[in-house]
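Sharing a structure with you now.
By written order: A, B and C. Residues from 1 in each chain.
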Amino acid sequence: MDLNEWMNSSLQGVVERLERDVHATFDVEAEDGLDLAGRNEIYGILDDLLGVLFPGCFSKEKVLKNEINFYLSDILRHISFRFGKHVREVFRYRCKKDNCINCNCDERATDALIKLIEALPDIREILMTDIQAAFDGDPAAKYLDEIILSYPCVDAIATYRIAHMLYTLQVPIIPRVMSERAHSQTGIDIHPGAQIGSRFFIDHGTGVVIGETCRIGKNVKIYQGVTLGATSPFDKDGVPRKGEKRHPDIEDDVIIYSNATILGGHTVIGKGSVIGGNTWITKSVPPNSQIFIRSRENGETLQEAQKKGGTQKK
Amino acid sequence: MDLNEWMNSSLQGVVERLERDVHATFDVEAEDGLDLAGRNEIYGILDDLLGVLFPGCFSKEKVLKNEINFYLSDILRHISFRFGKHVREVFRYRCKKDNCINCNCDERATDALIKLIEALPDIREILMTDIQAAFDGDPAAKYLDEIILSYPCVDAIATYRIAHMLYTLQVPIIPRVMSERAHSQTGIDIHPGAQIGSRFFIDHGTGVVIGETCRIGKNVKIYQGVTLGATSPFDKDGVPRKGEKRHPDIEDDVIIYSNATILGGHTVIGKGSVIGGNTWITKSVPPNSQIFIRSRENGETLQEAQKKGGTQKK
Amino acid sequence: MDLNEWMNSSLQGVVERLERDVHATFDVEAEDGLDLAGRNEIYGILDDLLGVLFPGCFSKEKVLKNEINFYLSDILRHISFRFGKHVREVFRYRCKKDNCINCNCDERATDALIKLIEALPDIREILMTDIQAAFDGDPAAKYLDEIILSYPCVDAIATYRIAHMLYTLQVPIIPRVMSERAHSQTGIDIHPGAQIGSRFFIDHGTGVVIGETCRIGKNVKIYQGVTLGATSPFDKDGVPRKGEKRHPDIEDDVIIYSNATILGGHTVIGKGSVIGGNTWITKSVPPNSQIFIRSRENGETLQEAQKKGGTQKK
């Protein structure tokens, strides 16, 4: 068939069928819903926020030392205006879907925006502890600036700390859009609901999954492919465990090596423990545990546990 | 050495050596081959196609409710024109390489383009079942729109369903370029040749690999790091297994948890089975099997199989 | 609170706190440090370099056969100018931080730039062996051009070979920024310090980690999720092992299947060995070893070693 002919005769039929489907799925009023717009705007604002936290590194342009104040004022005004609009939109959109009545969504939106921006200096401060932990923990790291410019955990953790703030302020949709942006860029998937302390370092990072109800203490280090997940998303009756504590707690000073899997909402990895690569853990381990896979003489791999300083088998 | 001096005296030598190498490798006629252009055009068209499937979410701009028809007409015309050109080019390019004689490649190209666009409403319909499955399967999911905007499996599966259509229409090169775009964005690597039923959900997704000759039934759910692969790319004589069935079949209603590896063209995971995390499977399992890794008292990890409702060891 | 009011009254306080923090962290002179600028410039130059290596595939625009010389001259001049500036900046920046005196950093920068550009034809040549290895090793590969356009290992290995050249020339920061760009795009994390021979193929690739002090021979093939890492980043006294050989050696003709983990600076995988998926290796294996996970009758998984042609257990 001739393409022009087909475009004139048949394309409109495709358009109409698609239009019907779109209307049927998104049952929202004209001025919202589809008006939510694409994700690219949110990505752009996230990039600007990262530029505020690390001017000259994550910013699009050079920033001279004597321009920092001017640069920060300008970009924070810009973020307040553009992001303010988006935060209001998602609150209104969600309120309409949830049939809120007389809801103060505009007020909550403005409040969330202001709280986020006022928290940025604190977020920067805790991120500097994360970056210092990367420097202390990776023999390949030679300079702090190299870490900011090239370690994927900086993007992932900075985005997480922004998204977590918005999550606790109950901003709809945007925290997950932001965390998936970082996931796409780095392969590190941190749910905005997770709670993570200072001096957090993720090396390499591809394949890391940190679930919504994880609690991670201070000075924790994890490697690529580590899953901190749920044993099953369903309870024994097959009902999804929405709202439950489903993911583990990791106490202070724990190291978790590559591709270890730690599952379950009641699983606690005790303070100071070292979890070896490729291990599979679904029960709590006491403080200072060391769990490793070893190859035995006969070729079997054995998962061993021992206390630091002792040789107690698990 | 002074850079300007070097540029004037020596740069042209580098250019000429590179030029010779490029000519030697791509032995194609002037008007094609290199004329294939970069991948960025294909990426742009893929983004437009995703915008057609989910206007207001994946589209670059806002789309008001009363603008949907206008938006879809406009962008589909644009896609028909631009993508039509690319599809014709890859058919011609491949035909020339394959020394086709009197080949109807232009006709096949137009036919493929029209078939793809006419299939878009069906593709959208099956994607809505995938999105519903994500909602049903993930306790962290609270709204459908959040899934479309932030779940990487939506990008990956939508791109797969478009690329698979082009693959079955034997469009050269473009399906793989599209699937690698999604792989790059999401860490989910689905070969366009795989066959996948409705209500398909991938959670987190980083590291998932689904091979060319996989067949996946309806209502299947898989997690990050799952490989559905080949035992070996070579037969016992070391000849690559081009054209053979090399990857497993996954029947309806199967769940495969994180980092499980299932290999082989004769391996069938029976309907309703649950495959635990970190398992290693190279043989078929009957319907309703449950295969799990457990830690034994002595520290060994044990891969156990049992039938639902029974305790039969594998 | 009203947003405008807050912007007028309180935003400047946030700016000033951030400004103080930024100054405190980056203790550099006005004309450098922050002047290092963002990573996007480096990404753009890397894209141009990849376009030089594969015009018409990685280039942004079409390149006709009779335009190749013109295209290459133009873009290489452009790269020399723009990248020259960046290389000089990072050398100066690092020198200032390291308190070098009378350092010839400008000269070293120009020298590094010229050496890189003059090496591009050699880099292209070795990349063509990598691409041929991909074709030979993957049954799903049907055409060389499809590999260049859609295999993530081409981006990852091309970027690695450029970054490794800059690393050996001791260019600061930029090699790691480049390798993390490829990591972000492909999920393949190759440290620029690693040494890798010709005919190197990575299939799928998500989650691959290749450490700084790895040495990989010729004709090596690895799959997704393979870690070539360090046993521990610290020595027994807890001091980071900066500068030590920490990562394994992989000899010629080795195949390493998905999610295998090989650790340690003294671990050598002998020539011609095949390392099965999901294996865990921390000791050297002799040439022609075959190490595989097998499921035993009782459900345990067993890691077996045998010599090719023999049945010697490990």
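One rule holds in what follows: contacts are C-beta pairs under 8 Å (C-beta built on N, C-alpha and C of every residue); 3 or more make two chains touch, one makes a residue touch a chain.
As the structure is a prediction and not an experimental result, all values here were calculated from the model.
Here chain A and chain C face each other with different sets of residues for the most part; under half of the interface numbers are shared between them.
Copies chain A and chain B of the same sequence differ in orientation by 120 degrees, per CA superposition (steps of 5).
Note on chain placement: the centre of chain A and the centre of chain C lie 24 Å apart, centres being C-alpha means. Of all residues in chain C, those that touch two or more other chains are 187, 206-207, 225, 259, 278, 300-301.
Taken together, the chain C residues at the contact with chain B in this complex read 51-52, 55-66, 68-69, 72-73, 76-77, 80, 84, 110-111, 113-114, 117-118, 120-121, 124-125, 128, 136-140, 142-146, 149-152, 185-187, 204, 206-207, 224-225, 258-259, 277-278, 293, 295, 298-301. Chain C makes touch with chain A in their complex at residues 1-3, 6-7, 10-12, 14-19, 21-23, 25-26, 28-31, 33-40, 93-94, 97, 172-173, 176-177, 179-180, 183-184, 187, 189, 191, 193, 206-207, 209, 211-212, 225, 227, 229-230, 233, 240-244, 246, 259, 261, 263, 278, 280-283, 300-305, 313-314.
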